[in-house]
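Scrolling down, you'll hit the structures one after another.
Each of the two complexes below includes subunit A, the first together with subunit B, the second together with subunit C.
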Partner chain A sequence: MKRVSTVISTYTADVSGVCSALFELGGMVVMHDPSGCNSTYNTHDEPRWYDQDSLIFISGLTQMDAIMGNDEKLIRDVARAARDLKPAFIALVRTPVPLMAGTDFFAVADLIREETGLPTWYFPTTGMASYVSGAGMAFETVAREMILPAASDKEKLPDHKDSSGKIGINLLGATPLDLSVKGTLESVIHFLRENEMEVLCSLGMDSPALTGDLADQLERAHRADVNLVLSETGLPAAKLLEQELGIPYVVGLPVSEFGEDLIDAIRTACAGKENVIACREDPQPAGEGEPSEKKKLVVIGETVYAQSLLQSLKNRRDLNVEAICPLSLRPELLGSRSLSIRSEEEIQAEVADADIVVADPMYRPICPKECLFIPVPHEAFSGRTFRRDLPDLVTCNIFQKHFPGNYCDSQTQVIE
Partner chain B sequence: MLTMIHGRRGDPASDSYQNRQSLSERVTMKEAAWPVPFTPGLEYNSAAHGTWNIVHTGMLLPGAHQIYVCADNCNRGVVLTAAEMNASDRFSFIGIREEDLYSGEMEEIVIEGVADILRRLPRKPTAVLLFTVCLHHFMGCDIPYIYEELRTRFPDQDFIECYMDPIMQKEGLTPDQKLRASIYDCIRDDGKEADRGRVNLLGSDFALDRDSEIYEMVREAGGRFLELPSARDYEEYLAMGAGFLNLCIYPPGLYGASRFSERLGRECLYLPACFGYEEITRQLDRLAEVLGREKMSRERIRKEIALCEEELEKTRSCLGHKPVAIDASAVPRLLGLTRLLVSHGISVKRIFADAFSPEEEEDYLWLKEHAPEMEVCGIIHHNMRVFPRGEDPDLLAIGQKAAYFQQTAHFVNIVQGAGFHGFEGIRKIARLIREAAMEEKDTRDLVVRKGLGCESCI
Partner chain C sequence: MKKIAIYGKGGIGKSTTVSNLAVGLAEKGYKVMQIGCDPKADSTILLRHGKDLQTVLDLTRQKGNDMSLTDMTVEGFAGVVCVEAGGPAPGLGCAGRGIIAALNKLEEKGAYETYQPDIVFYDVLGDVVCGGFSMPMRKGYADQVYVLTSGENMAIHAAANIGLAVENFKNRGYARLGGLILNRRNVKNEQAKVEELADDLKTVIVGSLDHSQLVTDAEELQCTVMEAFPDSAMAQEYRALADAIARQCGLED
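Moving on, here comes the complex of A and B:
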């Protein structure tokens, strides 16, 4: 049965996805929920919770209020908290019970906006979709509400091009759910700098490696030459910015050797003003000298990361590589060797003949006992359970130990 | 027009003692309204997670398997609770999709999903704890039909009716209270006479302290003591059905202990872990009476109290003027512990609680009179998100939430009373306070771990 999981985990849901995307932006996020959503989010989905005081709450919905349609309490409580805490904006997030009760969030948001005078957004999450959808809609809203308005004053600003001639980049889709907090984001920024590119804005996660706080970064984001989409959550915002400001986007994460290809893709996108889904490129077709027996290698993970990792193996002629992208919402992101399947049953069947599996450790029980299992924890799947083992996805060459000679680099870490 | 016969939430007229609920996140004790000091509003969830949740409690049942039927957002919290305690192999779930809300097929989805899980499990469980959720209530799902069908299909498994329905908890029983009741449902009345040599402790996550007076009394009466936290196997759990007496020391367990006792026709004795000498003495006297033993001698009681006084004096002397903060997750009787410490010269500067236990009205009144300036802070109040951490670096905390809010490395790391009881319970807590004063703990590492006392792999 596809909806059954006997032993593996489930991915972060859309509700937490919204919270994660908005965490650092100074707003107040309210999950309209009885209890539990906030605890799940801050315990398993949010490594920043202990150290950063983002305003994320639940409404404490009761049975009686849900049945009687007492939205007045929600409005009053949000307005009261906004008076006390003075957020930059308010975000309302739907959970399963209000979905079922048919709460009119548009009206609730209007009334809160009227009462508080603050921008108030509503996110129609269900608690049943993945964080890719939730964070995606949150990033798209931030792009529309915070980046586009700054662009409308573009004429008043000095020449938007960097005088150094560096390509200006926005990073879209950065949340700890995909990148965690173990240095991946900093490594992306460092890698781009090494290649004569400058990061103007990292939407969703700030970094000490960047100039200015997130507000400053959002102010200058419209000046970018290219938007680099690091996870699928960044794609809706990238599409909006391409449509409204003509900024092309490139999709990919600079994972080991794929980094060079990604740099080429960014330059191509910048020069031709065209979008490049770099991580989707298909492996080279079979040619002479092809080994007669190939090993099957499967990567299970977030769409952009899994496919970028696959791209780093494109020269391995002795491998049949395949990506399983359980979260993929957009077929246009998937290459010919990528599958969008999610259930435990389907994934177990697909990896049954795999020789090598690269995946979060919580997938281990459904992989063949005899396969070589390379664990790469994914915060959006196993939460903090394996956070201590989580690598910097950019500098860590996970294949180094298993394919010595081909992927060694003195700067890289090795996962044991 | 609907008449509000129970008063409105936040309506000062419905509060006793004429104190208004506060809109702020902190008030002084003299201003604190009974029994809820703060006006409810948006809720914050702190980063301290040592208190047990329903997954932890469910895992106490030997050999059982938990199955949750809910949306991914709800599943995630419980599946990872199980993973962090290295118990993923005893946990499964069925994901609800949006179309399921309107298809009218929920009963079949649950039945077939459970059947599929049981078919695929390599080792069949002793019992299945099946959790339905808030959505099932709203859908009018036929829960009895689900269990009837499952019990027919799988006669070798016991099915336990469990709920993860927090939407009901402010107007009725919490999911935690319901689980503490249903977890004993597989223990059936076999028709035999109760065994006067067996005594059960029901409703607790922590095993009863073996140094406590009530344990000693049961053992001296020749009784075998049974409780879920120390049950070695399913048979030992089932053997609780023979016990002639059920004890409960943890307030959220009382509903379940009473229900179980009533169903099996056994006596239930509620002896909540408390901090008043007189109340403890009354509890011990009552236990002796039910056990058919002589009461503990008054001389022995005086000696026990003297030992408590000695420990408390050592603690007072050790702390000097060091301020103390206590939170409601540390012990069920927060006000009782606070009163005990204040009355022994210890400077309790602040307590953290969203509401007071109805059992503690006397202690509430005492503290209003004797510690009027002591601060009462909320835990879930929205302003606690920005509560100034570490404003009293010298402070000692009792409980994880107090330690988190105060950002102190000196804290007593206990939750839910830790299984302590009676005079010995007082002495043990006094010793832990001294220990906390002398030694630093890694607060950040400890308080974020779920289910204190359970295995934690993070």
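Moving on, here comes the complex of A and C:
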């Protein structure tokens, strides 16, 4: 029963993760499914659905299509829509029904590519993994298929780096599932700019704060000095770009006071051409003058955000901090105070003696009644339910109200 | 590495032929892997002398991902690496989907990289009855399909269906038809009927096997003809077939 959630919600699945990562890139994304995956996506997982156009489709797979192996219908429909809509690429996303039926998507993708002449990618999602896996594979594919080719075109390579001397940065792993659309991305861009850094590309999520559309950004992304991984979904793309283009990556979200450390990490990575997983540093290394009694503070959330938030508490020696990262896929991202536990039962046991818990409001019922619960909604966990309460993760110092003093400056907001 | 899928009507002698062929190629110095793609899990039985071999799907059911490659393989006679995909009990589940899951699992566990076979045989159940049973001929799996047939009408009908399936899948980058193997049952006009089929399918008969009592005798001994009667004429026929397949699939000139 360890994988059963009887009280808390579940995280967005990999199918939506692919759609979310590709939403703004001008491609045509087709979920091969009877229907259902689409409504979950556009109703709960995609805040951009009603405000921005995107070519996201459901194939309308029927029982007879599945029984008869009628792949031709999918191929024909996709090719016809592509002729009319002229997308930049086609993405086929697997869902549980064709997974169970064993549809040969590699062959289907080959045939669509041949028929349309368009880049056609297949994402082997299962509907049973989290969005971290789906968005991760989508970003990696975009990096391989849209950033690397620009780098290999010698005519487009600059002779030298930005003459202003600013560090050029790509933001990897930005989707509304982790950052929502409440200004976090813009705050990251402004914060980097204030520190003499320039964002060349925000992969998957555009911002008015950036020059050029996403196509322009992808064109220049290979010139970056560092890739900043804002969520775990960006790591596969970061690794690929490091391997192929030698661009080092830094992992962390500039949450509150952690921002200064992250800037140092970016400079270190840039100077030494080395990767820095800044969010996994021990935020409270053992030292002298430890108070005899400490309060236990637990953050539950996405791996990079949860750990970055802990980093912002590094001066609080009166707290015993810990991160629970239920979505973690890669142990290399986890610090010594982080746990990769997923089940409701395990999480409940871990927070049973916590004094303070920071998590999405839907975790509240499994936390101790007497604990101080600080709600930070997470779109990938509670969907649109608390969207209006979502903070700007960068500028909002969620602890200010509870730990007044040295945790915020005049620019920050406070969650009430 | 050459990958070959063997199809044909149920009961035509695919597993027996593939096992003898595997030994014939192993005798020539090739590393051979034989993967049974049939829920009955008896493709490699003659190579392992009845020694137990847990199927990939049974292991997956029991252990999830906590199993090693060696759990699902046995080294059979002449060093042939034996694997059985397995499947559900008769009347239950979805055997075709099981083949997909089993072949994916083998790949995931690095079977081809670890054993580095020169040649892999997929011994596939009966006709191409559903998408799952076409898995061994999908892109990334077999390069060539060989169809075993006799001159019996039902066997020819099944072989023709398989040939059509291969033709239908050619634009998907699937395996190509390598040829027919004639397993004689001594029916009237047998050679002519199978030659006609080969013409219709625009392919060749890569080898012929006589109907021999030695095949049954060897089966009684739970081994291949190649092992039980290595000096027999039948064993020579299997060796000749091994030579022909090695040439046809590009292992030899």
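One rule holds for everything that comes next: the second predicted complex is superposed on the first by the 410 of 416 C-alpha atoms of A that agree within 3 Å, B and C clash if a C-alpha of one lies under 4 Å from a C-alpha of the other, contacts with A are read in each partner's own complex, and residues count from 1 in each chain.
To be clear about the criterion, a residue touches a chain if its C-beta (ideal position, glycine included) is under 8 Å from a C-beta of that chain, and two chains touch if they have at least 3 such contacts.
Just so we're clear, the structure is a prediction, and the values are computed from it rather than from any experiment.
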item: Contacts of A:84 with subunit B and subunit C, given as first, second, both or neither; value: first
item: Partner chain(s) touched by A:110 [first = subunit B, second = subunit C, both, neither]; value: second
item: First (subunit B), second (subunit C), both or neither touched by A:102; value: second
item: Partner chain(s) touched by A:304 [first = subunit B, second = subunit C, both, neither]; value: neither
item: Which of subunit B and subunit C A:14 touches, first, second, both or neither; value: first
item: Per-residue contact with subunit A, leading partner among subunit C and subunit B; value: B
item: Subunit B and subunit C footprints on subunit A, overlapping residues; value: 100-101
item: Complex contact set, residues of subunit A against subunit B; value: 1, 3-7, 9-16, 30, 34-40, 42-45, 49-50, 53, 55, 57-64, 66, 77-78, 80-81, 84-85, 95-97, 99-101, 126-130, 362, 365, 382-385, 387-388
item: Residues of subunit B that touch subunit A when the two form their complex; value: 23, 40-45, 47, 49, 70-77, 79-80, 83-84, 88-89, 91-98, 101, 109, 112-113, 116-117, 120-121, 134-135, 137-139, 164, 166-171, 380, 382-383, 385-386, 444, 448, 450, 457-458
item: Subunit A to subunit C touching residues, read off their complex; value: 69, 100-104, 106-107, 110-111, 114
item: Complex interface listing, subunit C residues touching subunit A; value: 94, 96-97, 100, 130-132, 135, 138-140, 169, 171-174
